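Input: one structure, supplied below.
In order of appearance the chains are A, B, C and D, and numbering begins at 1 in each one.
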Amino acid sequence: MLVVMQEGATETQIQNVIDRLVSMGFTVHRSTGVRHTVLGGVGPLENFETADFEVLDGVKECHRIIAPYKLANRSFRPAGTVVRVGDIEIGAARVVIMAGPCSVENPDQIERIAEVVARAGATVIRGGAFKPRTSPYSFQGLGEEGLKLLRAAADRNKLLTVSEVMDKSQIPLLVSYADILQVGARNMQNFPLLTELGRLRKPVLLKRGIAATLEELLLSAEYILSGGNYDVMLCERGIRTFENATRNTMDISAIPVLHSLTHLPVIADPSHGTGRRDKVLPMARAAVAASADGLLIEVHHDPDHALSDGAQSLWPEQFADLMGQLRIIAPAVGRTI
Amino acid sequence: MLVVMQEGATETQIQNVIDRLVSMGFTVHRSTGVRHTVLGGVGPLENFETADFEVLDGVKECHRIIAPYKLANRSFRPAGTVVRVGDIEIGAARVVIMAGPCSVENPDQIERIAEVVARAGATVIRGGAFKPRTSPYSFQGLGEEGLKLLRAAADRNKLLTVSEVMDKSQIPLLVSYADILQVGARNMQNFPLLTELGRLRKPVLLKRGIAATLEELLLSAEYILSGGNYDVMLCERGIRTFENATRNTMDISAIPVLHSLTHLPVIADPSHGTGRRDKVLPMARAAVAASADGLLIEVHHDPDHALSDGAQSLWPEQFADLMGQLRIIAPAVGRTI
Amino acid sequence: MLVVMQEGATETQIQNVIDRLVSMGFTVHRSTGVRHTVLGGVGPLENFETADFEVLDGVKECHRIIAPYKLANRSFRPAGTVVRVGDIEIGAARVVIMAGPCSVENPDQIERIAEVVARAGATVIRGGAFKPRTSPYSFQGLGEEGLKLLRAAADRNKLLTVSEVMDKSQIPLLVSYADILQVGARNMQNFPLLTELGRLRKPVLLKRGIAATLEELLLSAEYILSGGNYDVMLCERGIRTFENATRNTMDISAIPVLHSLTHLPVIADPSHGTGRRDKVLPMARAAVAASADGLLIEVHHDPDHALSDGAQSLWPEQFADLMGQLRIIAPAVGRTI
Amino acid sequence: MLVVMQEGATETQIQNVIDRLVSMGFTVHRSTGVRHTVLGGVGPLENFETADFEVLDGVKECHRIIAPYKLANRSFRPAGTVVRVGDIEIGAARVVIMAGPCSVENPDQIERIAEVVARAGATVIRGGAFKPRTSPYSFQGLGEEGLKLLRAAADRNKLLTVSEVMDKSQIPLLVSYADILQVGARNMQNFPLLTELGRLRKPVLLKRGIAATLEELLLSAEYILSGGNYDVMLCERGIRTFENATRNTMDISAIPVLHSLTHLPVIADPSHGTGRRDKVLPMARAAVAASADGLLIEVHHDPDHALSDGAQSLWPEQFADLMGQLRIIAPAVGRTI
């Protein structure tokens, strides 16, 4: 850590900061400039808070030098992580397409959609059985019954499955039916859930919270990694900004920024990222052009009657068209679909 | 709901929207203007999504007329809710001061702080035993031991207690030791937790998420209220904006806006709202001047050695001074401290 | 306009709103529902403020039905505007690449960069002579001398030019040397400047302010269009959000949203959108994949010594590589480069 | 400046950064840690961009130590600036109230409002003659005629005047009629205008842009100060966030933060900060409780028929009530009204 003292900080103030640092186990290096004294602290800890030093008398500001996450850091695995699930690889040359309905609704619905997405080239089917809904009066998902239907439809169409877990008590159920466990944006900082997921040996798709910085996303990933579960994928799904023309503002630049900061694969979810089906297509193309490792896309055979997220679900033919466009774009970034 | 059709929408498109509305149970009123046809839908439901209509052919935009929350709505209890805990009333003429450390650390710490805050005029002591920390490497709280210490210190000083619950599995423990259960900003949309809290008959202090709109905050309150637990307090604790001069941007205007929208008491937390002790004082004063029903403030007898949030914890003498200032301000809004 | 009255609004309150509407020239249509009365106002005006009605007694909320901009509206020219400058067309099948340095610095610099960008396939060279700098102590541009150098380098390399105008007093100078006048993000609401530009018959490239909604951007375009100058291009260049990993957050979704709302061509500026050269490439690809009509990119032959924006300027070979990638992507959206 | 090198940065990379720093006039101090090398640069310049170093090979991050503004810095005048206009002092013990209509509309209107605000205790009257309007179809102000009416009404009521300047060409006119020149939020970075205002010897009230950081606000003030005009007041008037319950989110914490960073007086504008008259009152109280040096408030004798900003204008009796409340609050922060 670097502590920059104020101009005119007294020797007593400087010594006080040095004492604090030393008492916390830091080795301190002092550098006296014309206007400012700078203290460099090298220590065993990353879990201190710079704010604790910034309020000490005579301190101007502090800067953390070492990222507060270790296992999620690119430098931990410079070559990048490839998550293997069944016979697919996420983070390798092929862009992985995960598609399906927002919620599993009934046997016919999930079966028809599974066929549609498999035929168009998806390898993973998505579908929620436990739904985090802003209103207590909205459809909350079918629970275990939904997971069973999802599994059956996936198996018949040789697809893998991804489904959301909302609470640590649901983990055993999810583990039985899903190949990838999804943590939704609202749960990105549900630490008891993340801690539990760290104990599994099952891939986790961790979505960025709507107001989470990328550093916070990586610290949440660190909760899972530090438990020993290294199969973590990150997912950009739109952030909240002042602009309301779209439901969220999809932060496409998060894709290349995450590739610099971390070795974990990066998935893009243009359905939640925009909230409107006509905007899903351009944003899906943009995500692949920006080097996403995979896409998570809502597709429904009859969006007008979907029980949730109908407005952002693609029609089957739109999804097929999109796959064709993505096959043109992928080679520009050295990938295939 | 109001559906505004695009200029030039065809009769078929208009009829299609009417059919959708009718099939969902709405009674439809059609109004044909010079340029736009407007459809007014009156129905039994509040839990539809306007986006589902906005993607229909020929639709320009939709507006929800009735707020999606019912029990949290001001109109449900125009006179306002007063939450009674022990012998204090929250939402009445006296502004309630809840103060104490971020985390319970040890017997001596919590005892000393309890004395300090009681002497200065606080009636509730805060103190965390389960701490949601952004980094897995940070201090996570003392758990049940912390709750016991908090209870004992409170009792000796005739204070009530408020402490955070992070996961529904912790509820039984919290219920035994705390008078008010706090839901932190990161858990504002932890719906399994909210649903469980709705089954209690114990006051809940619900904090606004850092990027939650006030409507979303009220929908989260609705989860608790709809379970039958009406003793809910809302808490403004800073939102995330582009400005980084403070850790969060405290939205003081949320206080009067919430008073218009809902009957629930509104608490302000200037400690998390600013993240720096020298900014806690002016913002605590501002919150009372803007008619907050209570304050939640971090105080520590030795902030420099606090295990968490030291930078935003007031020194005992600062807290005492603040109480004096607040006693001057409260009469301007017809309150006492 | 639609005015939704509160539940329980009195007849007097309703009548008062009707009177206000009528006095402003609106024809009022009243619709009485079970819980709410809705007043629809059809009128000759778009320049009223809904807030003026929202504070009237008994009013719950107001919604504007007709967009406040007319000439910028897609419906004004459904087929889309093609801006013609010299022998290029912006808004047609070919994606137009505008590239060059942030500032014109000296004859050698601008000449070398002009060669580089022309060879790689750009058709317009950018280069600032008047620079809006956040600090008064930063390089402010060469003024007229810079414009002369830009013109000469462009002519020698058969390029068109785009350069920024900061104040209406600079217009005569810009008109003499530049083919396209750029209005920077900080001046998006410099109304005296926009009004003056409306009197020209010269193309204007209008950048979105860092916190401007798309509606505000279109209203600023309306200032120019309403003066009679129809050759306006819009430019997305990053918005300000809570995320600081990039200088701004480039809102790629603004591209398809603007294509829905307006007939004006949409340009993307990934250099300012990200602020870091390694992020410019993926975002330039994403913009073309999302159907941008053109790109504005900073290129410098020696970015390490650029007098401004060196960090976001591409090296010549990076720019050439990027052009190759864009040529792969463009056909996916039915375009060429 | 501090440059933190990446872990594993090579000696060549480190030497390259040192050479760049030295070539720019910095004296470099090198500190080699266990994992990171840190370079401290002490130099004559503040106008460099840290991003230029962050893209150099092997660099992890850079931190500016010295604030980029000098004359606006608190350390330049630790005792604080008191702006004297006529016989009032802004930045001294008395909180200065500036009140009046958004726009000057006609002789009767401005005269009646001047009487109202003078009687209630305001010492400055506000009123716009040149109005920056988002839409080209809105009322744009009376121009010079408005300034004359404002001056006359002020003189008759022994008030000083503040009015907005939108373009540098309007300065001569404003100087003749107004005591304080206001720069609106949209013009906070209109650098030609700021430069011109720096040449005056007349007080300037500089409003914060809706998405401007406090550092950017201070750099804009620096443009005026560096021209030799030291009579600058800053004004917080709401920032743009994701929350739409109010037109803007008033950043009350900006008041104490600015008092720490700068010696310039800080004014608060709760009218624009909230956009709704019922929210103006609590926010005006909050601003005084947070130690604002003055308030800028819109008051109209007939807000329902105001030509602009009627919804946020106080009724005369509301304004008088507010003054009474503020007189109770001011002593809590050692001030008078």
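List of remarks:
Everything below uses one rule, namely that a contact is a pair of C-beta atoms (placed from the backbone, for glycine too) under 8 Å apart; a residue touches a chain by one contact, two chains touch by 3 or more.
Computed from a predicted structure; not experimentally measured.
The chain with its CA mean position farthest from that of chain C is B.
Matched by residue number, over half of the contacts between the chains of A-D recur in the interface of B-C, chosen from B-D, B-C or A-C.
Measuring from the averaged C-alpha position of chain B to that of chain D gives a distance of 31 Å. Mean C-alpha positions place chain A and chain B at a centre distance of 26 Å.
For chain C, residues touching at least two other chains, in rising order: 211, 240-242, 244, 278. Only residues 211, 213-215, 239, 241-246, 249-257, 260-261, 273-274, 278-279, 282-283, 285-291, 325-326, 328-329, 331-333 of chain B touch chain D when the two sit together in their complex.
On chain B, the positions that touch chain A within their shared complex are 20, 45-47, 49, 51-52, 54-56, 68-69, 132-139, 166-169, 186-187, 189-193, 195, 209-211, 216, 219, 222-223, 226, 240, 247, 275-278, 303-304, 306, 308, 310-312.
Against chain C, the residues of chain B that register as touching in their complex are 2, 4, 7, 29, 31, 33-36, 38, 40, 42, 60-61, 63, 65-66, 75, 211, 240-242, 244.
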